[in-house]
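The following pair of complexes shares a single chain, subunit A, combined with subunit B in the former and subunit C in the latter.
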Partner chain A sequence: MAIESDVLVIGGGLAGATAAIEAARGGASVRLVAHKENTLRNASGLIDVLGYNGGDEPLVEPFEAIADLPDEHPYRKVGVEAVRESLALFDEIAGDLYEGGHTETNALSPTYGGRVKPTGRYPKSAAAGLASRTEDTLLVGFEIVTSFDAPLAAERLDSSVPFDVRGVTIRFPGEFRADARITRLATALDADELRDREQRLGTREALAARVAEYLGDAERVGFPALLGDDEHQAVREALETELGVPVFEVPMGPPSLPGMRLEDRLYEELDAEGVRVESGNPVVGYTADDGRITAVSVDRGRREVPYHAEQFVLATGGLVGKGIDSSREGVSEPVFDCHVPQPEERYEWFHDRVFDDQPYARFGVSVDDGLRPLDSSGEPEFSNLRAAGAVLGGYDMAREKSASGVSLSTGLVAGQRANEDLQ
Partner chain B sequence: MTDRVDALVVGGGSTGCGIARDLAMRGLSVALVEQGNLTHGTTGRMHGLLHSGGRYAVSDQASARECIEENRVLREIASHCVEMTGGLFVQLEDDPDEYFEEKLAGCRECDIPAEVLTAEEAREREPYLTGDVKRAIAVPDGAVDPFRLCVANAADAAEHGARIETHAKVTDVLVEDGEVAGVEVEHESGPGKRNHSLPGTTEEIRADHVINATGAWAGRVGKMAGVDVEVRPSKGVMVIMNVRQVDTVVNRCRKKGDADIIVPHETTAILGTTDVEVEDPEDYPEERWEVDMMIETLSELVPILDDARTIRSFWGVRPLYEPPGTGTTDPTDITRDFFLLDHEDRDSLPGMTSIVGGKFTTYRMMAEKISDHVCAKLGVSAECRTAEEPLPGSEDFSVLRDYMDEFGLRSPIGRRSVQRLGSRADDVLETTDPNPTVCDCEAVTRAEIQDAIDGSGSDLNAVRIRTRASMGNCQGGFCCHRMANELHPRYDEPTVSEAWDELVQERWKGERHALWGEGLSQAALNYQLHATTMSLDRTPEIADFGAFDSGVETATDGGERTTGSRSSSGPRSDGGRTERGRDGD
Partner chain C sequence: MSDAETSDEFKPVEVFPDSESMDLRGGADDCYKCSTCDSECPVAAVDDDFPGPKFQGPEQWRLKRKEDTEIDDSVMSCSNCMRCDSACPSGVPLSQMHNTARGSFVENGMDKLSREYIRNRILSNYGTLAWFGSKVPRLANAVMSSSVVQTVNEKFMGITAEREFPEFAQQTFREWWSERGGAEIESDEKRVAYFHGCYSNYNTPEVGKAMVRVFESFGYEVMVPPQKCSGTPMFANGMLSDARRAAETNVAELSAAIEDGADVIASCTSCSLSLRQEYPELFDLERIEDVSAHTYEALEYLRIHEDLSGALDESEIEPERYAYHAPCHARNQGLAGQAIELLDGVEGAEAEDVGDSCSGISGTYGWKEEKYDTSMKIGAEMFHHMEEAEPDAGMTECPTCAMQMEHGTGYEVRHPLQVIEDALVS
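Coming up: the complex of A and B.
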């Protein structure tokens, strides 16, 4: 039987999920196909909108700065109102998992490297730790969690924030391999495993007891983001009850529990909206007729299966997610072979210092105001294809701290435009 | 502090460290000064081939004989630095038979064990060789870790009382009454172990004899003493692959040419190289054609290289030398032999000897000859013992044990640590504290990192070369910050941050030459982890914390309130209150 839907979204990250949810809410039948694990689990879980525009001073009001961005920036394509709308959609989907929606102003979050970073939305689990609050802070690290050195991060933070920060490294309660994954520690807290059989202490209480020794006059306590997976709310509440002060998570790199929690929430919403989700198989080709894509082919191992749709959304990610590919000869978009603007000479893709304004960081497809990818002469590649998220070029998400905001807003607009064209 | 020694060695590469070890073992008081890390120059920028001598068996038989002799010595004294992979000289269908026969005869004349393999036999050993193989000669080439070897020499020299001073750049050679009397060094400010002096200070170190073992930099040191040392630096590129496509050293069996060797190295394979004369050993173009040529030309030998993942590229500078007047125009024709320039004989300047030219494989033999020369000058009659005494890490290391149980490490991690550490494994890995993995790609644990910090201080690039941490597939994306964390609390936050940034920059420097395909994808991921998740790309200037969202807090009475903020209080430092202790339970 032929596989057909109104809208086919390729890519299962933040942009693809947003496009699919928005299209489904508009009444379309939507299918989402994702190849590999998406990059949400690599990301901190913070929802950055726009943290910097040029200078070293973080932006307080990200929306006000959007008008100053260059024309090719994805925010300029979708417009500031769409950015606002997409964050409202996010707030609704994220529900009690996230905070920050009460204001358009950026918050400042501590990073696990001990720096401060502007962000638009933050997991509720990180809310008490904002550097834009002023409570004196104790950071707690674990001997076997080598990514986060709490005393060092504290020393860095302390030199830049208007409150006191101390750090301490303790042993995680219980017996774990020296190289246990942080997900293993999270599940120990989830299950509240019995660590101390004589005193009948579970992991949560045992951990709180160890931290209490160092609490002093700290008004909040931060941990690396491993305070539970499914039961994270209960874990944090238990620690807060034992310690008597707010407890927070410092967002971390991969594997990121806040990223995974967000992923779970998004997929629940996709399910609730009736989006059919398939993952594990790549889209490897397409058929087109008169400038319209009629189907893409999905490689299911033994054979390639055509997936038909009226509208298509390309949300396959950037260089990291392999939505943008490259070889020694050049940079390309592998699914539809959309044009990717690039310097012809490979040695002009980069500059010599790692945090220079890197040309490669802006690689991606360029689009019109309807997010349709453009060919080298500036014409839409296909009339029914839209691109969203990191596959878009013309912006440097790391430098600007804009990754999630671009994914949300372009995902939203791609979903909306796909719906409009169905009429 | 020793500021007067019998012998002062300038240069912390393999030759300099070898000389320092040799002289110290003979009982001389020795100091070694190096402008950067140990191996900062040529030693740290080579493909790590332990020559069998086969490469020189046609063109330079004297060198070939030295190579096979030293090859045998290093297998004995530096077993933990050497992997005897074996090597092949591969003839392809269109390569001339004549050269193959010459190569074979040359190996036999030089006492290099050589066995002819048919195409089938060669491909059985190395399945990824092209189908165009005609036949091959198998020789005892190997891979050697130049960092580990060089550091082991320095460590042993220090064991014998030598002073090893890194990040100490020679700013002047002291000439008094027509004689070299020592050097002036500047202790660099920045991360690094500087037990002897404060950063930014200068120091005069006096010596009865100065040895200029600075390789491609020998001309510069010579100039400070007022003598001409005509080294001809020649650059060569090396391209590192993410896996070992070959398990033996693969050479192309034809007359000299660029891009004719693949050396398997730990988890990687290194492709080499070019040979282009340059003016300045520190400032020369690193060009795209060199990288492309390695991959394109060596794909003729091993076709999968064309699609394989490249993780970085680096360049080294050979310290080529030929006596004045020889007039060779092509650097590939310049002899790889070494020259001892006695400046008393040559320039009527007593008190200094320069050592130029030479090859890594024969570093010990060179060191022995220089040390003989220096001892003769100083009237010391002690014998050289460096060919018999194993280097630290290679003593009594013959039994493979089950390190998984012994050190509580998972077996691949334990095995790799023990291979790196050799007989030092017990000392380093036996710890009662948790010993988590810091670098996953190269399986380096905290204990090894801490041991390297013991030896090299806060310089993370020195920690890197001692341990291989951050040198794997991710090129430091997942471990640079972890390595930096290990410096704390021994070093304060500014020192750690500076070392961290230096390491991140250094990793990028080589990565940017492999910026396509998987390499570009990895670079983009590293950039996002560092700049997005950690915000390492800038130190924000925040004038008013109170202007930012401070969140909505659920108050204890159940209502919601927006927390106030002390916007009037500006940033301040209170590092003294930071608690650095670790829980003792």
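Coming up: the complex of A and C.
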């Protein structure tokens, strides 16, 4: 006997979750196996579509620029309509957490480094902070959150936007160890316990009282993204009530509360669609017959367990997610050993200047228009395998700011094609 | 592990020479400080003094390499739930680091005559205490439920009086097994060796009986080899020499069963995790890799080797709603969704997952007076979800998670095997 499903998705990030949801909505029985916790919790929470296309100025309209991208770019494989469709799916799933669906223009979101990043969707908690709005801004950092230097971020922002930005660093209310993690502060804001017994202020009011001293003429206040976990909307509303101005979160690096909220939402949707999700299951091998994968082997502590399916989706991520591996001998895809185009000579993998347009940033599997990985002679490796997300090559997600959009759109198409091809 | 090619300059070092001489440099080097393990750690979430697995594992490892720094005593605040293992995107062997560090700390940093050491050793060798208790179960139950004894335990031993001691069964699983004359089915092709562990032998033999009946309904011959504790509570308390002694017996006995054509199955997810992951990570006994490779969680085994889902799809029970908690050690084996998925097929059974939070008790952890409050804070989210679900009963594979669920909500808790026995065995 066997553990089996119609569609097996390997990888639990944005692309894998999207592929699984789309395939399940199409009527397939879907199983998603993930090796480790996905990297969504490390993501800023911004959903970028296409921020740059070779120039120094951010793109205003990402969809219009897709036609100009190179043939091998994943957006050219799936087509601009699939990108739109995948964002519509995202809006349906996460529309109460996210904004941006009302326009096809990129929004500009401040980052914790004091830059602006073009993005297609942004957390509601970040909406009041968009740089496309013109209100004077106060950024509030905390002594305890060393990764966000509010005065420095404000100084950088102030020099590039047409409104005033000031930054201040204050103490977070309550007693915390000097290196308390950001999730601890979010939990304290959720709990809103009394911090000032004399004046009977909870954490939220105590925080607002400290910020009010510095508010001055500012018409909005930005905090590092730690304004609550489960209660993030209530926390933000409480602060806005006390301060009398809009409050926003500045997206941060790991661990990222907006990333965790997005992960929770995606996994709720997977559950609602009946997708079987199993984590802690690295895929370490496969069996194939006549050009079709029949099963993958999952490592269960020194023994391999077969998982059978009709269709497979490879969504294991790129270098960071371990979906692409490398050594001095070459760059490879470790699960199915799909071909990864690369120069044979290792010294051609990179240019010396670190911020140049780097070849290695585009490494990944090459696919046909149906997202099937291709071998070195340009033929599909397997007839029933699709690839989606960061494991794909042909684009530089960091330079062009397109990671989330590629994951969503290729995940959507991979899920659709897998469902269509079920016999 | 690390992709870096070995440099001639590097020679492996024994960072923890008094433990099992592990060299986990590859794991420490793979850590790129993403903090995922810290954000997953249930102790760090509620205990601000606990630095979290990132510090306790790779960072402390690196400190030890240059200077013979003493291991931080916060390692004893780790509950060994091992969520950090499954959280780490780079595969850093955090729990292996913690287990070896804790072993070293206990060996070198704890006074062997201290109350804490003696209590921890008593708790981690529960099987020995239970062996005596099971001889006179009525007397033992009366004594342990006495509030006077509980107060004495707390004052003198530091064992919390807040929890009721689990009752000893009137007849242990092994006594039942002997009484029924052992296996009722003989088979050369289908044979399993049951690692029952302490709890389903001394306290909940009904779980072991359910397992035997379910496997026999699929035609299996069940063996019940001699065995000692899987070592899980010993790992959690740094008693590695006790664990190794038990492991020597277990590996020898289970290897013999494997030679007889059996695979090893366990009904407790901590036991199966210990045999398949912690054993080969921590001990170098002969044939320990073989035992690991042949060990399964009981339901996992039937899902792979039989059409368990198909059999359940045609089964039914009296209508019952369960609130299911996936133990952390089921999560670590990739089995978190298994029970819910299997019971979906049973007519009358309705199981709701109460979320991915930790139960908090982590075996012996929640029994320690100074850790009791932390364990209840960790479990609060699960208690809340259970209350909201309004089930007829709770459900989980782990005996101490079951204790915690019952302690925190008052619901009786069953093992999935018991429900599946109701569904499949008539």
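FYI, the second predicted complex is superposed on the first by the 420 of 423 C-alpha atoms of A that agree within 3 Å, B and C clash if a C-alpha of one lies under 4 Å from a C-alpha of the other, contacts with A are read in each partner's own complex, and residues count from 1 in each chain.
In this text, a residue touches a chain if its C-beta (ideal position, glycine included) is under 8 Å from a C-beta of that chain, and two chains touch if they have at least 3 such contacts.
Keep in mind it's a predicted model, so treat the numbers as computed, not measured.
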Subunit A residues touched by each partner, larger count belonging to subunit B or subunit C: B
Subunit B versus subunit C as contact partner of A:Ser326, first or second or both or neither: both
Which of subunit B and subunit C A:Asn42 touches, first, second, both or neither: both
Contacts of A:Gly280 with subunit B and subunit C, given as first, second, both or neither: second
Which of subunit B and subunit C A:Arg181 touches, first, second, both or neither: second
Subunit B versus subunit C as contact partner of A:Ala361, first or second or both or neither: first
First, second, both or neither for A:Leu97, with subunit B first and subunit C second: neither
Touching partner for A:Ala295 - first (subunit B), second (subunit C), both, neither: neither
Contacts of A:Arg303 with subunit B and subunit C, given as first, second, both or neither: second
Intersection of the subunit A residues that touch subunit B with those that touch subunit C: 42, 177, 179, 254, 320, 322, 325-328
Partner subunit B, residues of subunit A touching it in the complex: 42-44, 48, 52, 56-58, 60, 99-100, 102-103, 105-108, 111-118, 122, 127-128, 130-134, 143-149, 151-152, 154-156, 158-171, 177-179, 210, 214, 246, 251-254, 318-320, 322, 325-328, 345-347, 349-350, 352-355, 358, 360-361, 397-399, 401, 403
Of all residues in subunit C, those that touch subunit A in their complex: 3, 5, 34-36, 38-40, 44-45, 48-49, 51-52, 86-91, 273, 276-277, 280, 289, 292-295, 300, 303-308, 310, 331-337, 341
Complex contact set, residues of subunit B against subunit A: 288, 292, 295, 408-410, 413, 433-438, 445-446, 478, 481-482, 484-486, 488-489, 492-493, 496-497, 504-505, 507-509, 512, 515-517, 520-521, 523-525, 527-553, 562-563, 565-566, 569-575, 577-583, 585
In the complex with subunit C, residue positions of subunit A that touch it: 1-3, 33, 36-39, 41-42, 176-177, 179-181, 183-184, 187, 254-255, 260, 276-281, 298, 300-303, 305-306, 320-322, 325-328
